[in-house]
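Below you'll find the structures, each written out as structure tokens.
In the two complexes below, subunit A is the common chain; its partner is subunit B in one and subunit C in the other.
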Partner chain A sequence: MELLAQQILNGLVTGSVYSLVALGLTLTYGTLQVPNFAHGHLYMWGAYLSYTLMSSAGFNYWAAMAVSITVLALAGVALERLVFRPLRNDSPVNAMIAALGVMLFLEAVAQNIWGEEFRHLESPYGGVVSVFGLLVTAHRLILLGTAAVLMVALLLFLTRTIAGSAIRATAQNREGALLVGIDTNRVAMTTFAISAGLAAFAGSLVAPISLVYPSMGAMITLKAFAIVVLGGMGSVPGALVGGYLLALAESLGGTYVSATYQDLVAFVVLALVFTFKPSGLFKESV
Partner chain B sequence: MKYGAGAALAIAVVLPLVVPNAYYLEILTQAYVFAISACGLNVILGFAGQLSLAHAGFFGIGAYTVALLATKAGVTFWAGVPAGIALSAVIGFVVGSICLRSKGHYFAIFTMAVGLIINLIIQKWESLTHGHVGVIGIPGPGAIGPIHFESGIARSYLALVCLALTLVATTRLLRSPVGRTMVAVRESEPLAAAIGLDVMAAKRLAFTISAALAGLAGGLYAGFIGFLGPESSNIEMTFNTLLYVMVGGIGSVVGPVAGTFIVYGLSQVLQVLQHYQMVIFGLALVLLILFMPKGLAGVFRRPSTQPTPLAESASLRAGSSKKGDK
Partner chain C sequence: MLNVRDLTVSYGSFQAAREINFEVREGELVVLLGANGAGKTTVFRALSGLTRAGAGSRIEFAGRDLSSATPRAIVDAGMSHCPEGRKLFPALSVLTNLRLGAYRCPDRADIDRRLERVMALFPTLSTRTGDPAGALSGGQQQMVAIGRALMAEPRILLLDEPSVSLAPKVVRQVLETVAAINRAGTMVLLAEQNAYAALEIAQRGYVLENGRIVLDGAAADLMQHDEVRRAYMGA
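Then we have the complex of A and B:
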């Protein structure tokens, strides 16, 4: 029973990270129809920037995270402006290949700067607390809390503000959004900034409880794709729920079925969904 | 065109004899092998317009079939390679039948997952594949009558013959009715379906052939190198092959071969750049797509001799709603 509770807690912690990453991916897909294969690499860069700012420049955890989010958001804007916008009217295959190129580039640059070895970011909240008899590090609780706060803030932004409504309108119908006077180019840049910022936030949150290394982005990209396909490409609630569900499935599957094949869960789920429903589980909507 | 092909053939035949040492000969042989794999990716991506990211998975299946049959069952290279091709083709047919029901982005994501599953199985199924340790001591091709294959030159010619056969086969495929159907699917799938072409059959055939060619390249690779690790089937391998195809010219028959020679050759010869190799490759891939989407073949091809590959279909499609073609 205690093992089960522990695994559920672990699932929720990992799930917060998965959901944040999947949210960014689903937002850019919804508004631009670009499957950004480099999304997980923005997450990896976010983690590395926070790590470097803390270990070399003496920043505190939250300041490092804020800088990292800002830098990545700007990188997201640059990516949209320089790579994806010029390809918008080309064949979709071209944008996908470009995304793969960006991904190779980001990983290789990280490898040159920080090397292959695993880095550890020390959390200021390393202490262990007891919650209903379960032992858990304070950082995990903070991760759960801040992730939830940010998700709620994002949902409010998307549903209650003009900028958020513009993003949703563009996702529903680009031509229609243009017709009512929405600057869809600006929406695209905003979306990329939010998406990359979310990735940097997730990367900085996860760095203290896992390790930082150049190839950490590839696996999470694939998992985020599994989540987004499961929840519906472009769907925000789908990405939120899907992230937690996948993480719970992994942590329970890893405990009770087979730890060796834990990472396979996501891809088997993905393959099953596509096998029976070739266009994903849900219709697209933000 | 005919003179060009003749000249290329002459160069290819002479090349193994004039390379300065065994190291360069090895690189040349590898380039022939990877070119076969690039031709395979070109069939599904260049001819039929579907971005398959499972390509290295099929390369791995071919390679591991040869390696495991040889080391565990004593099957020779000559029987192992056809077995590898057959297994890749069969798995390619089954996977293609399922994956190709998804279109566009979904197909790319689906095949990326399939490639990853194949790679993870190879990594984790330790009792069969020895996981990260890999398979060592894979016997190379044995002698056929008086012809021996111990020397680098003989192996190089063997790879060249396979590459030449691949090129003949893909050229004939492109000119056949089913090849024309593939191109029609690439240019506009709804249009191809509307005039009564069997779109699914053409895509499935393209995927199966592409898997079979990857299997052939993988089998040759395993026999020539003599050892094999799971990284032969990882996604980076798919990216490299994609780059070969993109540099040479997507959709052109000989483009991928030229692309392989340039990219693989440069990456091996310029060892000083080893650390920055992927930095340059990644950037190159993005710049190519942005400024030269048809690769070298697009630069050298005279205008209006062939239907242009991806760029033109896009302008056709740009008119219709982006949501419509999913």
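Then we have the complex of A and C:
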């Protein structure tokens, strides 16, 4: 029983990270139809920036995270303007190739700066807390809480504000959005900024409980794609729920089936979705 | 008011509109007749900036040259396009769809006032405001589409085939509403397949064939015209 509770808690922690990353991916896919293969690499960069600011510049955890999010959000804007916008009217294959190029570029640069070795970011909240008899590090609880707060804030932004409605409108019908006077280029930039900022946030949150290394982005990108396909391409609720579902499946599967195959769960899920419900669990878009 | 001169639109090597000339004067409801593929939608898309007009085309509205303006600038100039296929935001509520129609209006009180006007025009929508627009019937979706265009409070409404795929009774209702909108002072450019019903509410009309205007005149004259009767009214 305690093992089960522990695994569910682990699943929720990992799920928070998965959902944050998948949300960013589904937003850019929904509004721009760009499958951003470099998304996980933005997450990796977010983790590295926070790590460097803390270890070399003496920033505290939250300040480092704030700077990292800001820098990555600006990088997201640059990515949209310089890479994806010029390709918008071309065949979608070009945007995919460009995304792969960005991915390789980001990983190579990270390797050049930080090297191959694994880095560890020390959380200021290293203590262990007991919750209903379960022992958890304080950082995991903070991760759970802040991720939830940010997701609620994002949902409120998307559903309650004009800027959020403009993003959803653009995702649902780009020409309809143009006809009411929405500046879809600005929507695209905003969406990329939010998406990259979320990735940096997730990377900075996860860094203290896992390790930071140049190829950490590739696996999370694969997982995020599996989640977005599971939840429905472009669906925000789908990415949210899908992230937690996949992480829970992994953590329970890893415990009760085999830890060796834990990372395989995502791809089994992906194969099942493609076979039985190719449109995903949620068909509603952003 | 709306003055279109030598409008040409090409998709690759295909000319969908060739040197089209027409105008809509203050207070008018003008109908654009033509079979499928005649170029009506192309003309509308060029007017609202969704498709770029070719070199030498001139689109002038209220004295302003809008030939190469962005859709946003065209909305700001007072021209609002209710497109073929409606292009609603299906997962957003009816209310959000309508409110987004006034996206360029910064004044909340003004938006509420416009919303009241649209609701008065389409009372059936008032019970569906919270529903996703995509869940509505075709006729109701058309009302949302027209309502969304009206929320921009345009001086001219560009209405592309509002009655397509609607039941005959609903077609009547929609066209009656269009006539009412026009009587209230908004100019209307209407593309329509139901030539007879459209000419009944219009003052003037143009007939489009293969991307060219082949005929124009007062609505009453067009209704009597042999060519129009044969081609568009099955008479």
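One rule holds for everything that comes next: the second predicted complex is superposed on the first by the 278 of 286 C-alpha atoms of A that agree within 3 Å, B and C clash if a C-alpha of one lies under 4 Å from a C-alpha of the other, contacts with A are read in each partner's own complex, and residues count from 1 in each chain.
As a working rule, contacts are C-beta pairs under 8 Å (C-beta built on N, C-alpha and C of every residue); 3 or more make two chains touch, one makes a residue touch a chain.
What you see is a predicted model; the values in this text were computed from it and never measured.
In the superposition on chain A, A:Ala200 makes contact with neither subunit B nor subunit C.
When the two complexes are overlaid on their common chain A, residue A:Ala224 makes contact with neither subunit B nor subunit C.
Of the two partner chains placed around the shared chain by superposition, subunit C is the only one that A:Ile162 touches, whereas subunit B remains out of contact. Once the two complexes are overlaid on the shared chain, A:Leu9 sits clear of subunit B and of subunit C alike. In the superposition on chain A, contact is made by A:Asp183 with subunit C only, not with subunit B. Put subunit B and subunit C next to each other and count what each touches on subunit A; the higher total goes to B. When both complexes are overlaid on chain A, the residue A:Glu175 reaches subunit B and subunit C alike. Residues 173, 175 of subunit A lie in contact with subunit B in one complex and with subunit C in the other.
Taken in their complex, subunit A has these residues touching subunit B: 29, 33, 35, 37, 83, 86-87, 89-94, 96-98, 100-109, 111-112, 173-175, 218, 222, 225-226, 229, 233, 260-261, 263-264, 267-268, 270-271, 274-275, 278-280. Residues 162, 165-166, 168-169, 172-173, 175-183, 284-286 of subunit A are the ones that touch subunit C when the two sit in their complex. By the touch criterion stated above, subunit B contacts subunit A in their complex at residues 45, 49, 51, 98-99, 101-106, 108-110, 112-114, 116-117, 120, 124, 235, 239, 242, 246, 275-279, 281-286, 288-290, 293, 310-311, 313-315, 317-318, 321-323, 326.
Within the complex formed with subunit A, the residues of subunit C that make contact are 48-50, 71-72, 75-76, 80-81, 83, 86-92, 96, 99-104, 132, 148-149, 151-152.
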